[in-house]
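Several structures are given next for inspection.
In the two complexes that follow, subunit A is the common piece, with subunit B as its partner first and subunit C second.
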Partner chain A sequence: MNRTADVGALSIGGLEISLVQGGRPVPVVTGVNLSVNKKEVLGLVGESGSGKSLTSLAATRLLDPRVVRTTAGSVKLFGKELLTLPEAEMRRVRGKEIGIIFQDPMTSLDPAFTIGYQLSCGLRWHTDLTRAAARNRVLELLGLVGIGDPRRRVDQYPHQLSGGTRQRVMIAMAIACEPKVLIADEPTTALDATTQAQILELIASLATTMEMATVITTHDLGVVADVCDRVAVMYAGQIVECATTDELFYRPKHPYTERLLQSLPGVRAGRLQGIPGQPPRSGRFPQGCRFAPRCPYARPGCSADDPELTRLQTDHAARCLREAELELTGVGA
Partner chain B sequence: MSGVNGVTKHDGSAPLLTLRNVSRRFVTGRDFLGRVQQSVCAVDNVSIDVDPGTTLGIVGESGSGKSTLGRLALRMIESDAGEIDFSGEDLRRLSPKDLRQLRPQMTMIFQDPYSALNPRWTVGRSIAEPLRINGSSTREATHSAVVDMLARVGLDADAMHRRPAAFSGGQRQRIVIARALITRPRLVFCDEPVSALDVSTRAQVIGLLEDLQRDLGLTYLFVSHDLGIVESVSDRIAVMYLGSVVEIGNAETVAREFRHPYTASLVSAVPAPDPRAQRVRRRIVLNGDPPSPVDPPSGCTFHPRCPLAEPICAREKPPLQIDAAGHGVACHVTQRSTDLIGANLLARMTDAREPGISTTVPARVPAPDSAPASASMP
Partner chain C sequence: MSGISGRGPVVALVGGATAGRGAKPANRFVQKAAPLLRMVARRVGIAVPLLVLVSFSVFAISSISTADPARAILGEGATPQSVAQLRHQLGLDQSFLHRYWDWLSGVAHGGLGNSWYGNIPVLTKISQGLPTTISLVLAAMILTAVVGIPLGLYAGMRRGGKVDTIANSLAAIGLAMPEFWVALVLILLLSVKLRVLPGTGALTLSGDPWQAARHLVIPVVAIALPQICALYRQTRASAAIVAQQDYVRTARAGGISEWSLLRTRVAKNALVAPVTLLGLQLGRMIGIAAVVESVYGLHGIGSIAVQAALTSDLPVVLGVVLVTAAVVMAANLLTDIATYYLAPKARNS
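Up next is the complex of A and B:
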C-alpha cells in the first residue's frame, strides 16, 4: 500500500475486451479500471470466464487479435500508452519492462532446449550481454529464484525438473531483465499445495526487493490473503469489488466476494458453501447487476439497474445497489 | 474387533475395503537385454482400512503414490505384493470374469472433467455407458436411471441430449459423477475430483459428493494434494510421502493433533483465508523438492527435508506405530516425545531452522495407557 505517486506503474482505464465471433465483436470484459504501484502486489480474483486473465494479458498485448480484441480503453506503463504502440516497440516492452509468468510451467517451456539456453535467449535479445555474461546472469537468476545447484541445473532440460522448479525457471525468465511490472497469470494453479506456498512467497519477496508492480490472477482467495496488498474481484467481465486485502476479507461489500470467501475451506464450520448457479457465459450478461441471478440478497430492482463501481472509502469500491443496507460477513466473524 | 497389524476397529462392522502390505513397483529403465535396471517403488507396503459409508482421504504431493494406491485398491492396475480385500472378496485372486462382475461396485471419478468425457458423445450416452458394458439393463431402465442420476447431480433431464462442450467445468464434473454412480457402486475412488475446478464450484461439487454419500451410502477413497479439502470431506486421513503412509488417523486428529513432521509441513502450507493470521503465522518451508522415488533416501525418506531429523532417521526406516485410537505415525523423533504434537510440533520445527541439525528432544516413555499398539510396518 505504497501510495507513492498518483500515476501507477501500470494503469488500466476503461478497458473493454471483445471476442470476435463471426464479425460482430461480443464484449467479455467491460469498463475495467485498475492501477498498480511500485512494490505493490495486486490480486485479480475471479472464476474461470470472469475475464481476469484476459485483463492481465491485454496489458501485454499477447491476445490473438483474430479471436480477442481490445475494443476500448487504455493501458499505460508509467504514463506511456501501450495499446497503440507499434508491435516492434511493444516487443521491446514485453519481457524487458513487463515480465510475464504463465500458468502452466509444463507447457510454457520448450522441451527441446536447456533451461539455460531458454533463459539466455530473452536476456540476449533485450540486452547486449555477451554469451558468457548472459550465462553468468542466468546462473545468478537461478540462484535468486531459489534453485539449488544452479551450475548443474542450467544445462538440464525441462523434463528433468519438478513442477515447482519449472515454475521457478519461469519466474527467473520473467524477472531476467528486471522488469518494472510483473504479471503472473495463475502462477500456482498447476502446483501442489506445499509448492504453491513457496512460489507465492518467492513472487512476493521479488516484488518487494526488485520494486516491481505485480499483478497476480487467481481463482483462489486463499492465495491472495497470503501475498497481496490489494485485491480486485472480477465477475462476468467487470470488477465488482476492489479494496485492500484486509478490507476485502474482513469487511466485504459485495455479495459475490462474501460468497467466494464462504466457499473456502476453513472459513466457516461445517459444510462448504458454494455459490449456487453458474456464472453467465461469455458475453451473455444478464440485465442490470450481472450477479443478481445468483445473489442471495437480490431484489427485483437489482435486475433493472446497472450498478456502478462506487468508491466507499479511499481504498474500497464495490458495485452493488444494496451495498449500504447489507451487512455482509467477512472472515473471522 | 482387533484387526490385523494392531489396527483396532471401533465398531463391529467389517471394513468395506482392506489393504494389507500392498506394494507396487514401476520399471523405469531396462538394459539392452530387457533386464530391469531402474524401478520406482510407487506404493511401498501400505495397509489401510475403509469402513462402509465413510471417506478415507489420501493426501500427499505429486509423486507420493496416492493415485497409484487408489488404482491398486480398485485393481485397475495390478499390485506386486500384499492383500486387497473388497467386501470379503480377495480382489487380487479374482478371475477376470469375477472381477468384471464386481466392477460395477467400484467406480472412479476423474480429476479433469474436460478429458474424462468423450466430446462426441451425448451426455446421456456417456452416463449410460457403464450400464451398457454391464449388459444387464433394458433400454427403458437405462433411460430412467440416467434421468434419475441427472436429477441427483443437479442437472436437467434435457442435458442428456447435449454434448460436453455445452457445459462448464463444474457441470461436466457433475456428469462424470453421474456416470460413476449409475451402476450404484459401493466404493468410489475420487482422484482429485475438484483440483481442476474453481473455488466456488469446488464447494458445490464437494457438497454434492457429501449429499450423494449420505443418500446412497457410498464409501469414498478421496485423493487430493490439498489438506484443507481433504480435511473437510474425510472421516479418516492417510498422509503419504514417497509411497509410504507416514501418518493415518481420524480427520480431526491428523489435521490438528498431527505427529509427523511432514503432516505438519502440509498443515502449514494450507493457505489460511485470513490475511492477519497469515501475516503472523510462521510457516515451515521445506528445503528443496521431494526426492526422486527412483533413488529414495535411506532410513526415513523424509529425513533430508525434515528440520527435526536425527542420525537414526538416516539409518532406519521408522515403522508406522498405531495407537489405541487408531492414530498411526511413522517417525522416530515424535515417537519418543509425546509432547511433539500439533501446534507444539509446528513450533519446534520452525525453531529448528537448519535441517540436519539434531535438536535435543527429551526422551520420554509414553504412559502405559497410551502405549502404541504393536508396530506394523517394517
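Up next is the complex of A and C:
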C-alpha cells in the first residue's frame, strides 16, 4: 500500500496494542500497517478512542506498560526494529531520531523550568554542545519556529507564554536535534482556529525543509486536507482506508470515510450529517466488519466476515467487503 | 531579637551575588529578584509584631495561673512577709500591663531579663542550652530530609515497585509508634542490651566530638523517625502526581534517562509540598526536643523551658518562647524562599 514498500523512514507492521485490564491484555488496536517516507506527511485520522494516538505513541515506546502494551507487530526506523531495542538505545532514538509534538501545550511543558532550559536539555543530552553553544542553538530554534524576540522568551517560563507560542516551543523541542521522523499527536486540537492554521503550516514547512517523515494524528479532516500527502483513516482500532489525500477526498472507498466527508461543514448544502450510533467501546469490537452496525450499506454478510485491508490501486487500500459494488460519494461530487 | 537577625544573612547573600556581577547584569539580577526581596522584607516586617503578640499571649497565660511564683521560689515554709517582699522585688505586685511593658522595654534594649532563680541573665541561660538543641534539631532535620525526600521521590516515580512497597509498610509502622516509646526502645536495645551507644547523659559539645555525636544518635533518631515517615509519605504522594504529568512524558520523549528525570524535573516539581512540610516539622521537632532532652538528661533549651515552666520562672519561659518563635518564623521564611525558587508560577502572587 505504500509506494516504496518497507523502505519507509518509519514503517509499522501488524501492530497490536492492548489495554491491560486485570492482568489480561485486551486488544484495542489490531493489525495496523503504516509507512511514511522522507519528506512525506501522513495523516492518521479517526475519532476519539479509534487508536490513532496509541499507534503513533507506540512507535516511541512511551506508553505506560502498566496500562497499555504493544502485544504484536513491528516498528522499524530505516529498517531498525524499535520494539525490541534495549531501553538505553531507545533513549538515543527518542528526541534524536524521532521528534514528538504532544497535544496539549498547556500541560506538556514543565512549569518549573524556563523554556530555554527545556529546549537545551535534549540538545545537551544528545549532542556534545557546550552550554553556550546550546543556548545559541536554542535561540536559533526559537527563531525558526517563528517566536519573536527569542532573547527575551528563552528565559521565560511556560505560564508566561500564550498557547500558540507554547506549541511553537513544543515544535522547537521536537526538531531540536534534527530528527528524521516527526510525530505530532493532535498538534492543533488544544489551540484556537486561527492559531491552528499557523501551527499546521509551520509543521508542514519544517517537514519539507528538514526532510522529515511526518505523522500527524488528528480527528480533523480539515487538518488533513491542508497539509497531508497521504491519509490513513482509523476506526475501532483498525485502519479502514489508506490513500493519497486527493484520492481519499474525491474517491473514498470505505463507507466510514464517506460518512466522515459528508459530515464536514461546507461539503454539502443543508443540515450537517452526522454518523448515527456510537463507535464500539475499546476492546469490545463487533463480529465481522467493525463499522457494520453503523454502516448505511451494511448487508447481513458484513457482520459475519472480517474484511481485509485490500489494495485497490497502487496507492489506495480499503477494508470493506462491498467495496467493489458500492459507488461512494467524495468531496465535490 | 533573633527574628530580625534573620534578615541580615539573607540580604547580605543577595547583595553579595549582585555585587559579584557587572553593573548591567546586576541591574537585571535585582530586577529579577525584586519580588523575592519584597516578600522577604514583608515577612520580616510582619515578624516583629508577631513576636510581640506571641510574648503577650505567654505573659497573659502566665498571669492567669494561680500559682504564686514568689511562694514557689521561697518554698512552703516562707513567711508571708518574705513572700510579699519577693513579690515586690519581682514586680509581681504591679499591674499586668505595667509588668508586660517593663519586660517589653527591656527586650527593646536587648535584654531578656534575669531568671528568678539565681539571678542569671536569661540570655546566658538560653545560650548555654542552645548548642545542644541546635545540634539535636539540626541533625534530626538533616536526617529527615536526607532519608525522607530521596526515598519518597524514588518510590513515587515507581509506584507499586519493591522500594515503594517496603517503604510504605515501614512508614506506616513508623508513624504508628509514639516518639517517647521509640526513645525507650532504642535505649533498651542499643545501650542497655547491645551497649553500643550511651543511653542518657549530659552532652558537652566542648569535649570529644566523637563522644558528643554518640550521645546524639539515639535522641536524634527518636525525634526524626516519625518525621521521616511523614516526609516520605508527602514526598511520595507529590512525586507520584508529578510522574503522571504530561511534561514528564515530554521530557522522556526527548530521550532523558529516568535518573536524570528524577533528579531534575520530578524533584523540582514535586518538592514544594515536602519542603513546606519540612518547615513545619522544624517547629514540631523543637517541641519534641523538649521532651527528648528531659528523657535523656540533655541540657538544651527544651529542658530549660520545661524546668522553667515547672518552677514558674516567667522570664526564662518568655525568653525561650521568643527565641523558638523567631526560629520557627525564620524557618517559614526559608520555606517561602525555597517555594519561590521551586514554583516560578507562584512568584507573582
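One rule holds for everything that comes next: the second predicted complex is superposed on the first by the 327 of 333 C-alpha atoms of A that agree within 3 Å, B and C clash if a C-alpha of one lies under 4 Å from a C-alpha of the other, contacts with A are read in each partner's own complex, and residues count from 1 in each chain.
Methods note: contacts are C-beta pairs under 8 Å (C-beta built on N, C-alpha and C of every residue); 3 or more make two chains touch, one makes a residue touch a chain.
Remember, predicted model here, so these are calculated numbers, not experimental data.
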| query | Would subunit B and subunit C fit next to each other on subunit A once aligned, or clash? | reply | fit
| request: Once the structures are superposed on A, label A:T60 by its partner contacts, choosing first (subunit B), second (subunit C), both or neither. | output: second
| query | Does the superposition put A:L109 against subunit B (first), subunit C (second), both, or neither? | reply | second
| After lining up the shared chain so the two structures overlap, which partner does A:V138 touch, if you call subunit B first and subunit C second: first, second, both or neither? | neither
| request: Considering only the touch criterion stated at the top, classify A:L15 as touching first (subunit B), second (subunit C), both, or neither. | output: neither
| task | See if subunit A has more residues touched by subunit B or by subunit C, and give me that chain. | result | B
| query | Of the partners subunit B and subunit C, which touch A:L309 in the superposed model: first, second, both, neither? | reply | neither
| subunit B versus subunit C as contact partner of A:Q273, first or second or both or neither | first
| query | For A:I100, is the partner it touches subunit B (first), subunit C (second), both, or none of the two (neither)? | reply | second
| task | Identify the partner contact of A:A193: answer first if only subunit B is touched, second if only subunit C is, both if each is, neither if none is. | result | first
| said: Using the superposed model, give me the angle at subunit A's CA centre between the CA centres of subunit B and subunit C, as a multiple of 10 °. | reply: 80
| field | Minimum C-alpha separation between subunit B and subunit C after superposing on chain A, in Å | value | 9
| task | Quick one: which bits of subunit A touch subunit C in the complex? Just the residue numbers, please. | result | 60, 62, 66, 91-96, 100, 102, 104, 107-113, 118, 121-122, 125-126, 157, 159, 170, 173-174, 176
| Which of the residues in subunit C end up touching subunit A in this complex? | 160, 245-257, 260, 265, 268-269, 342-345
| message | Quick check: in the complex, which residue numbers of subunit B touch subunit A? | response | 61-62, 168-171, 198-207, 210, 225-229, 231-232, 265-266, 268-278, 283, 285-286, 288-290
| query | Considering the complex alone, what residue numbers of subunit A touch subunit B? | reply | 47-49, 148, 162-165, 192-198, 201, 219-223, 225-226, 245-246, 249, 259-267, 271-276, 278-279, 331-332
